[in-house]
Amino acid sequence: MKLLMINPNISDSVSELIRAEAQRSASPGTEIEVLTAPFGVAYIETRFESLIGAYATAQLAAEHHARYDAVVVAAFGDPGLGGLREALPVPVTGLTEAALASAHLLGHRISIIAISQRIQAWYREVVDSYGMGSRLASIRALDRPLSSIGGVQDEHAQALKALAERAVDEDGAEVIVLAGAPLAGLARSLKGQLPVPVVDGVSSAVRHAESLVALQPGAARRGSFSAPPVKPNRGLTPAMQALLDPGQRAQAN
Amino acid sequence: MKLLMINPNISDSVSELIRAEAQRSASPGTEIEVLTAPFGVAYIETRFESLIGAYATAQLAAEHHARYDAVVVAAFGDPGLGGLREALPVPVTGLTEAALASAHLLGHRISIIAISQRIQAWYREVVDSYGMGSRLASIRALDRPLSSIGGVQDEHAQALKALAERAVDEDGAEVIVLAGAPLAGLARSLKGQLPVPVVDGVSSAVRHAESLVALQPGAARRGSFSAPPVKPNRGLTPAMQALLDPGQRAQAN
Amino acid sequence: MKLLMINPNISDSVSELIRAEAQRSASPGTEIEVLTAPFGVAYIETRFESLIGAYATAQLAAEHHARYDAVVVAAFGDPGLGGLREALPVPVTGLTEAALASAHLLGHRISIIAISQRIQAWYREVVDSYGMGSRLASIRALDRPLSSIGGVQDEHAQALKALAERAVDEDGAEVIVLAGAPLAGLARSLKGQLPVPVVDGVSSAVRHAESLVALQPGAARRGSFSAPPVKPNRGLTPAMQALLDPGQRAQAN
Amino acid sequence: MKLLMINPNISDSVSELIRAEAQRSASPGTEIEVLTAPFGVAYIETRFESLIGAYATAQLAAEHHARYDAVVVAAFGDPGLGGLREALPVPVTGLTEAALASAHLLGHRISIIAISQRIQAWYREVVDSYGMGSRLASIRALDRPLSSIGGVQDEHAQALKALAERAVDEDGAEVIVLAGAPLAGLARSLKGQLPVPVVDGVSSAVRHAESLVALQPGAARRGSFSAPPVKPNRGLTPAMQALLDPGQRAQAN
Amino acid sequence: MKLLMINPNISDSVSELIRAEAQRSASPGTEIEVLTAPFGVAYIETRFESLIGAYATAQLAAEHHARYDAVVVAAFGDPGLGGLREALPVPVTGLTEAALASAHLLGHRISIIAISQRIQAWYREVVDSYGMGSRLASIRALDRPLSSIGGVQDEHAQALKALAERAVDEDGAEVIVLAGAPLAGLARSLKGQLPVPVVDGVSSAVRHAESLVALQPGAARRGSFSAPPVKPNRGLTPAMQALLDPGQRAQAN
Amino acid sequence: MKLLMINPNISDSVSELIRAEAQRSASPGTEIEVLTAPFGVAYIETRFESLIGAYATAQLAAEHHARYDAVVVAAFGDPGLGGLREALPVPVTGLTEAALASAHLLGHRISIIAISQRIQAWYREVVDSYGMGSRLASIRALDRPLSSIGGVQDEHAQALKALAERAVDEDGAEVIVLAGAPLAGLARSLKGQLPVPVVDGVSSAVRHAESLVALQPGAARRGSFSAPPVKPNRGLTPAMQALLDPGQRAQAN
């Protein structure tokens, strides 16, 4: 099984964290590839940065998906996920969606621990968009500058752990999600140090993607997640055009 | 990895369906055992039958869980699941919870196809209790008598498929869940015949249980899913007593 | 009118509190009987203890209901209530359901004052299951060990009153519910000492049960609260069997 | 115990229906008085008519409440209820609020059967304002002209019964509320003819008002249901002035 | 374009604030008239005062609307708005409704800054009644006595600004609404001093009323906002009668 | 006042419809410019097409916004709106957001009439994302192929009108929104032909944008709609870079 993980940010250091945790989490026989967005920002905290990341992710997915069994949008907030689910012929998930699926199996009230104050509003809207707002006990976040995005979890591990403790004690969290690709692997490092189950987006996404490939639930051929109707388009990369008009792609081959 | 599946109903024929689909779905190296409730009813459709099934499941889980890595409540409706998550030291899931986790990864609006009219109100309450009522496009159900609970899917496959088609076309379902242990395996038989992804509770539960064991998110030591506080009890089986007072159990050993 | 109150816990001291407040609250001519669960725990705080209490309550109700006009599940959290409403031919209510009905008539935003931190998550889920989560201003609870369950209200009256004051002043509570059978009668003792109306589950349940008997709204013969469909069962007490198959019971007589 | 019921409409024939059902429903020793609005419309179907009925009810309540133990706003839709709960020193309820309290004790999903198409939007908003919209299975209503408001239930009994049957079979209603003072007593006439429990607003309000008087939950002295803060007013009847400034009233006496 | 603004309170000083801000906000060519309620209270904080204000507003609207292109209920809380929308042939809005429309265009999470603690519960219910409760970040209010209602904004400008700052920093407010006619114009005075956009009810209502007149969306001739069905009425002013029976009015002319 | 409207689709014919209706709706003195996306699809119906349109819109807005007082995302569904509100220093709205603001002022329950079956799921998610899902009576859509996107309203006017009538009669719609830029101007053509108020996205957006410019509510300098924090970026157009790092832009000038 080959799994494509797309980092919608331009940070190679974060791609490295994603790759490492994905490989630790994968089942035997699963191959992981991680691609980094060719354009965008260092890490997405806002709706505007997310729309850039969504487009970059879509271009990479269009170009590369054909050689993979499943695709993961490897940023918490899942930029572009809904659209890619329509357009790609393989299963696709994202870190938030996958983390919520895991958390849902471990407790009712979920707290998300995040790396910046600013990122919280966007995360909240994404959780709400999945109809799971009532499951959210809280979002708590670091309130200090990040000296390097790839080093957040090393630099702030104790502060992040303290936020998780407070979410359990003050907000009633029954499960903790350590949010954001920059925290990939932190749940593993903190194993046994937190009083409730801890979920990591990257490992959750890898395992759920494997399960989707294994269970073969079938693709959407009707309804709102089937491929977009073919219609005129302009100014797109050939790979994007091919996603929008698979027949054209078939003819071109 | 050893996985204990508990059928909260007394139907051995349904336990057989569960075992077959679980084995087909499991990863290499996963061993499956299925136990059947020693008391209760043939199949649970109501809140009253569910409270009986919950107690039977709790007794079996208390008696047998120690030899397993995870436990599955193998009836849609998940009788007793929340309680067992508190009391058992290993991960536990149920068919509804697991099917919803899978469906959540495949589309937004979910329809459940069920085996009887009566069962729908209970299912709806269970989905609502997971805070996922806004994801439910509809529940549709057979409206004819069942001649044998173990043979429902053979006897009514076409009617069930037609219900799924209507859920897609009239209710906007983007994912179908074929609900209830008596339908275990039907998603596999219908592969490719439905226009949207199809989810089966048994295979979802097996895969998610495996993932929880692999990811080792940790147990709840605080909060509402930690073990019930130790306090006086009376009239319970030794295994149930041991769950309620693990110290006592340790001393007894 | 004869009213059966079932304490789902094994605590005779709490049954005594229930009986005393029920008799003080009942209309002239209402006879009260209180039964105590033959198996279970001292007091229910968790989902797991609740499923035990539900089964014990069901067994007592099955055995004894025939001589009564109505049945009350006399624990806050209402273990087994939904199931008993299906199975019993007489009206049935529970302390949470009844307290919420009273509180609904007295104000919009309701706070629940409870006897332990642990009990809060379970209470919240029960209120949510009644679709009344938006009415909940807060749940506040004692955070100290209980030296005896029958003596909670004597020992902690001032602390409980202080929690109620805070619920009014900080959470916007317009009505207070003093929750749990161990607090039966406390609302009466605190009369005039709190700044908003105060509701007690036991007295509410007695009065509402009387009203249901008086108004004779009729039983459910269709829909999800009619009796469970007759089907094979196994391993149940004769009284439980009779509830599940009233025809069989009629033949047996 | 003396109970004041205020018909917010000008229809004496409906006041007669209210009085008859209230007296049939009341406990021994309860005295019922029914007053009819001196201004307003024949029956309230709209928000605009409701604001007129609310003001008329407030004036009657201000003038007459002092001789009563509790007050009932005797129109479905409860015009003015929230305001009167603030201003009156005795318990007050209304037909919708009371019917929902009863229905809440009998089943989860509630359908309301109403006398006109137009009335449905207003009823829905009132149920939503009580935070109980999720309990509503449906509102169904007559779609024919009413030749006389006092004769609706005689003229249309079969049509109303048919609407209730459809609510059970098509909407999943577990309880039926026959809505509106013009239907007072119909639940009693239809006893045993409907497949689920049936609730009447007038008898529910009488019984719940009696319970509130008996349980003496206490008045609101803080929070949003305490008396409005004293401040300048102008142009009101002396009784309304006295409600707004009880000190002034006390001085005047 | 002529715009009628009705102050549902008896405070001429507040009417003056409304008039001044309305004229500052209006487009060229819009004429503003402000009427003050002939009966009622100095300022509405409660449900009871609101039902008085609603009736006073309805009487003024009935009497005067014919000479205007649109009507504004000029109190936050919008007393009587829903009813007037049914009864009046011209567009009508209110300060809360209009402020929410503006705030909706500026951010997702909205905080309301109010002039008294008591007023908050009523405001919350009004926002909920518009189905916009999920948009509400918080309501924060002054907690000191108001020496004169017309001078609130002068006397308490700094305290109100501080409440707005806290709403942004602690509650996540993305837009601030300065609530209540007594604060009309304060948003303008504070321009540039708050870290998020600030909305004023009066200026929003004026602009939205102008837009509705310009866009001519058409009147409701069916559905729940069409004119109330004609039926017997009694005891109303001629203008109110004419609203309830426009044909009669036409005949009378 | 200068208003920039960006058509996120590549269809010049639709840009022409937008321009015409915008000019008809604008106040005297408002200048309208409409730009058409340089890349993308003919009309957006899906989440995937929306993420393309969002990126195209962002690029145009980044390049051109400096000469305008406000920006409108001129497609129903508002692709990119939330992001642009963060990044642009001027007010920005979109057709859905603006239409909902207008509809909110005209009735409670809103139906959206759309041009294709496929488009409905996306529209529903957008309305839900604004927290206004409870206001939605229904979405109804054409179910026939569109021969040309610019000619939809001419070709299908009667079918669209019939859908609106059904939304009023069967779904309880109190306001109709004719959705999508291809229907710009249809509300105007149908004036007086529908039984409830009708809202058009383009004219609503123009009027609301004008009001925002006039009322000067201030920009967000804190909170989730302030400008994205400055951080490294790569591969973006100079205009996009300038939006992400306004200081850099200032230096460059």
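Should a chain be cited, it is by its letter among A, B, C, D, E and F, assigned in written order, with residues numbered from 1 in that chain.
Here is the rule we use: contacts are C-beta pairs under 8 Å (C-beta built on N, C-alpha and C of every residue); 3 or more make two chains touch, one makes a residue touch a chain.
Owing to the predicted nature of the structure, the values given are computational and were not obtained by experimental measurement.
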Most remote chain w.r.t. Subunit A, using mean C-alpha positions, is D
Maximum distance between Cα centroids and subunit B occurs for chain E
Between the Cα centroids of subunit A and subunit B the separation in whole angstrom comes to 27
Distance in whole angstrom between the CA centres of subunit A and subunit D is 52
Expressed in whole Å, how far the mean CA point of subunit C lies from that of subunit E is 44
Among subunit B residues, those touching two or more other chains are 82, 85, 108-109, 120-121, 125, 172, 174, 223-224
In their shared complex, subunit B is touched by residues of subunit C numbered 10, 38-43, 45-52, 54-55, 58, 80, 82-87, 116, 118, 120-122, 125, 128-129, 223-224, 228-229, 231-236, 240, 243-244
The subunit B residues in contact with subunit A across the complex are 25, 27, 82, 85, 91, 93, 97-98, 100-102, 104-109, 130-132, 134-135, 168-169, 172-175, 187, 191-192, 194-200, 203-204, 207-208, 211-212, 214-226
